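Chain nomenclature is as follows: A, B, C and D, assigned in order of appearance, with residue numbering initiated at 1 for each chain independently.
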Amino acid sequence: MHHHFKPSHFFTTLGSHEPVLTIASGDTVSTTTVDAAGRDHTGEQITERGNPQTGPFYIEGAEPGDTLKISLDVLKPNRPTGWSAKILASNVVEPDGVKDLPILSDNERIAIWNVDTDGGTASLELATGKLELPLEPMLGCFGVAPARSQAISTATSGEHGGNMDYRGFRQGATAYFPVFVPGALFCLGDGHALQGDGEIVGTGIEISMDVSFTVQLLKGKRSTWPRGENEDYIFTAGNARPLDQALQHATSEMLSWLCSDYGFDTLTANILMGQAIRYEIGNVFDPAYTVICKMPKRFGNLRLEPQTHP
Amino acid sequence: MHHHFKPSHFFTTLGSHEPVLTIASGDTVSTTTVDAAGRDHTGEQITERGNPQTGPFYIEGAEPGDTLKISLDVLKPNRPTGWSAKILASNVVEPDGVKDLPILSDNERIAIWNVDTDGGTASLELATGKLELPLEPMLGCFGVAPARSQAISTATSGEHGGNMDYRGFRQGATAYFPVFVPGALFCLGDGHALQGDGEIVGTGIEISMDVSFTVQLLKGKRSTWPRGENEDYIFTAGNARPLDQALQHATSEMLSWLCSDYGFDTLTANILMGQAIRYEIGNVFDPAYTVICKMPKRFGNLRLEPQTHP
Amino acid sequence: MHHHFKPSHFFTTLGSHEPVLTIASGDTVSTTTVDAAGRDHTGEQITERGNPQTGPFYIEGAEPGDTLKISLDVLKPNRPTGWSAKILASNVVEPDGVKDLPILSDNERIAIWNVDTDGGTASLELATGKLELPLEPMLGCFGVAPARSQAISTATSGEHGGNMDYRGFRQGATAYFPVFVPGALFCLGDGHALQGDGEIVGTGIEISMDVSFTVQLLKGKRSTWPRGENEDYIFTAGNARPLDQALQHATSEMLSWLCSDYGFDTLTANILMGQAIRYEIGNVFDPAYTVICKMPKRFGNLRLEPQTHP
Amino acid sequence: MHHHFKPSHFFTTLGSHEPVLTIASGDTVSTTTVDAAGRDHTGEQITERGNPQTGPFYIEGAEPGDTLKISLDVLKPNRPTGWSAKILASNVVEPDGVKDLPILSDNERIAIWNVDTDGGTASLELATGKLELPLEPMLGCFGVAPARSQAISTATSGEHGGNMDYRGFRQGATAYFPVFVPGALFCLGDGHALQGDGEIVGTGIEISMDVSFTVQLLKGKRSTWPRGENEDYIFTAGNARPLDQALQHATSEMLSWLCSDYGFDTLTANILMGQAIRYEIGNVFDPAYTVICKMPKRFGNLRLEPQTHP
């Protein structure tokens, strides 16, 4: 079934909020997201800032111990401008270099980018000329309700997903989340027209979006951290500080996944990961950082073939 | 001038050792490196293990405050087998997962890979069949003598380079090192037939190599951390623990480089880096970890053009 | 006013839950706390495990921007046995040492200590004889409701307090918390008969307690992180991972406090902190670690005198 | 035998330098150290700055696998003034707070303290009056030559000791170092009249000293990290970044020490450490941070009794 959902209110925590819609495994939802500051496709601020989320969507039959599969069918900026911060975050430069970062007055802090969805570019007029970058629309913050009755700020992330700010969660990619509460309570928001690795100015090019996603419930499939998949890679996301710990979570989750789903014994998975793994940095700005551990689906003569996926 | 140098002894520190050859800016050197365990192209161990280095090469005229440019012209494994460890390092998995890693007896710990340089593959026979991965020969450890009369183990890395274990230091790439002592005292070794990101089993596929490199001395050009360049990116390397600090060094070095050489004012460089930077993880195993900060040379309408490079 | 409150239900998040009692600034509350596993003074489990909290107590007039002062008047274990885990946490030993930690079966994992409140000792029978340690009763987890409608697990900590597991929060000490929501919503629990620094086996000697505390509302006094005070020191608590970041928060909070309340200009506070500060590690086990930054009240000829405290 | 040694040159690395004196186990050496900037008891700079070391002293019979025991018999500042930096290091405050630290011109950066050795105080005239702190003379940097022919800067520390900047290395304390090279090659320097925890302005009160120490060689006793002992505690030092890793080294070393020398089985040592350990932060400024893990010698009914010490 294909639902068309128009959000009327938003949440800035991922938690056990009243669902806005109940859907079944296999359903597709087309909806919209506001930008990180709560602004919609007209640019009007319709809710408080802080990565407000569309949802939660209640998935029928989802229970703790299941995994939710989300196909990101459409991620399309729906207005002609996005905004970004301009200055590197204090925590991504050498401590002694913080003093040398530019200091801007309040009304200079935000850059307004022209976003040309048809042309596929975001551009900004600078003193030195026009800067034009290719669009790579992505979702910065999405996930499910966490365990233990928590309500966790959409400024941060965890096992339940959240504000991972990973460039790889783009149109065509698939995300997987562990289910912690009945119905999973999936939410999404914080679209970026594009973003550098690490979200090191604290924002991507923030924009409202038209979004379509399809849900599949993987009954009885256990996972611990968010996972994902695209044409070329399977990947796992670890969310924590410091980066070292985020990397540990992502690496352990990949080891576990390769063994449970792809037919590897532990020793073979260890050997293979040593020579074939790729890492990416999602964000190095939010309260929890995000490290991505990627395994190519095809690598030399290797073809990853899921053995147990539904 | 093109030198052909046959090494007779090796060092396992980067320091102010007696040079083995004096060369001029513009010269090319063809030589060989032993593998991390001190084994040469015949497989014989001819020096103690621990990333033994060929060199040091004394570059005429190099002084503290200069930068050394090294073009990696040829990196070619020169024997038909390489070796790797098999088990993920304890520090790259979740602490509670360390206990679940496979435990191997001493004589099971090393995997011997067939390296087919012509075919471009490394392969390993496993119980589950043959694993075959594409070659990506790279230098794990190379650099110059550090400052302050130090002699730093080739197990680790720093501002002087060293054991960065970054996959991007491959044939065709260029590396830049700050000069800390007269003559720079460049060394190289620790070839890998290929390696995963992070060197998370503690080794790549370790192998001896035939190597050619060309040196250029950039007089009066200051740099702080190792830098590099390939067809598509310029990049900087930060070497430290934790990854967060390595990333800070790499990011600050990139900001500095964009402003000093590529004609960006600080504010524009900040804005651009926020949306365009890419990070890679060199190693997350050695005493100092390595994070790479990359800037595309072409990105949208952007073309990085050096303004001040010799 | 002195309230005697008997808890009937407990929370395992700090959040905006329905208050159990409304009190005024200056009031004292005598109540009880269950242990980390939800067991009361009889040893019966009366609520789910996970540092269940007594409260929340609504403090009349408390608003965001105020600070809540909590005097820990009485912290007294109220049963003759406590329990602890036995094995060092995987994250506090060298990664390669995790494999060498003892492995215990489920029914061996918990040590039961005799707690002699009159004698002031906790003792445990070991194969090698009786181990007897002096009691130092403390509160592991207490604090206020966090901002942004969050509900944060009592397994962790933050600006709102929570599971800091700091030995210094003992009888006679004072704690200060920023107020984030109307009424502050103060909660407390997780008593330890004693605990080593860092809570490195993941528990202290866990026990239920009789507790009395007195509340004072410091209207308009701003603070960012939990603070405390005892006869000899004022101190601040930073809660984050890694320890480095927790230390940064605690240090910045102390600098801010010395300048706002004790009449120091910034430069003098910097000079003094450099030569006089003391650090302690609260916990290095929970999702957020806790570092304490302490300033002696008397140090040489120095007497810290609050200038602005109510 | 009691040697009186007058240094004529100094080293700013710990490495395999030519020894200045050969001594036997049991010998005492009385000598002097210059301050961190190379200034002697007259205030004259007689060698380059950077924690210049007196030594190395060659201990007869010391070989890799032994442990060197150093009794710090006398640590006495030998001039009436010491100096300190004034501003908190950028890495010990919150990144966003770096911009708010005072900025001083070059000639304002150093505070000159009056050091009254007889009165036991260091004092500084401030705008707000005289600041007077009690002396606690200590050695910031001392240790032995590292393994693998390394020469490691006295700015940092490692398994060989070095620039740990721990307040507990004071007169009356004992330090233990693993021996990595024949003769051990012990060096010492970088005296502080006193210092706050963490050395968070980057200096203690830096001063030259008269020093006497007694050496004992513990043949065949293995250790991995520096250890120490005073009247009340045994302790271990872990040197690394981040603090988390330094703590892991110190904790593992303590576990190992309790089992090898004090008659504990591993399980009992784990249980005891969980409830009795204390941590201190040596430095959080140098390239490697230092965390100290302490075990009380008397704790409740516990008396630590070495079983195997010579």
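Following the convention adopted for this analysis, a contact is a pair of C-beta atoms (placed from the backbone, for glycine too) under 8 Å apart; a residue touches a chain by one contact, two chains touch by 3 or more.
A quick note: this is a predicted structure, and the numbers were derived from the prediction, not measured.
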Given subunit A and subunit D, the chains that contact each of them: B, C
Comparison of C-D and B-C (more C-beta pairs in contact): C-D
Centre-of-Cα separation between subunit D and subunit B, whole angstrom: 34
Subunit B-subunit C separation of Cα centroids, rounded to whole Å: 47
Chain centre separation in whole Å, for subunit D relative to subunit C (CA means): 32
Residues within subunit D bordering two or more other chains: 91, 94-95, 101, 241-242, 244
For the subunit B and subunit D complex, residues of the former touching the latter: 12-13, 15, 50, 148-153, 155, 240-242, 244-245
For the subunit D and subunit C complex, residues of the former touching the latter: 84-88, 91-95, 97, 100-102, 111, 121-124, 126-128, 130-134, 194-201, 203-205, 241-244, 247-249, 251-252, 255, 263-268, 270-281, 284, 289, 299-302
Subunit A to subunit D touching residues, read off their complex: 89-91, 94-96, 98-99, 101, 103, 242
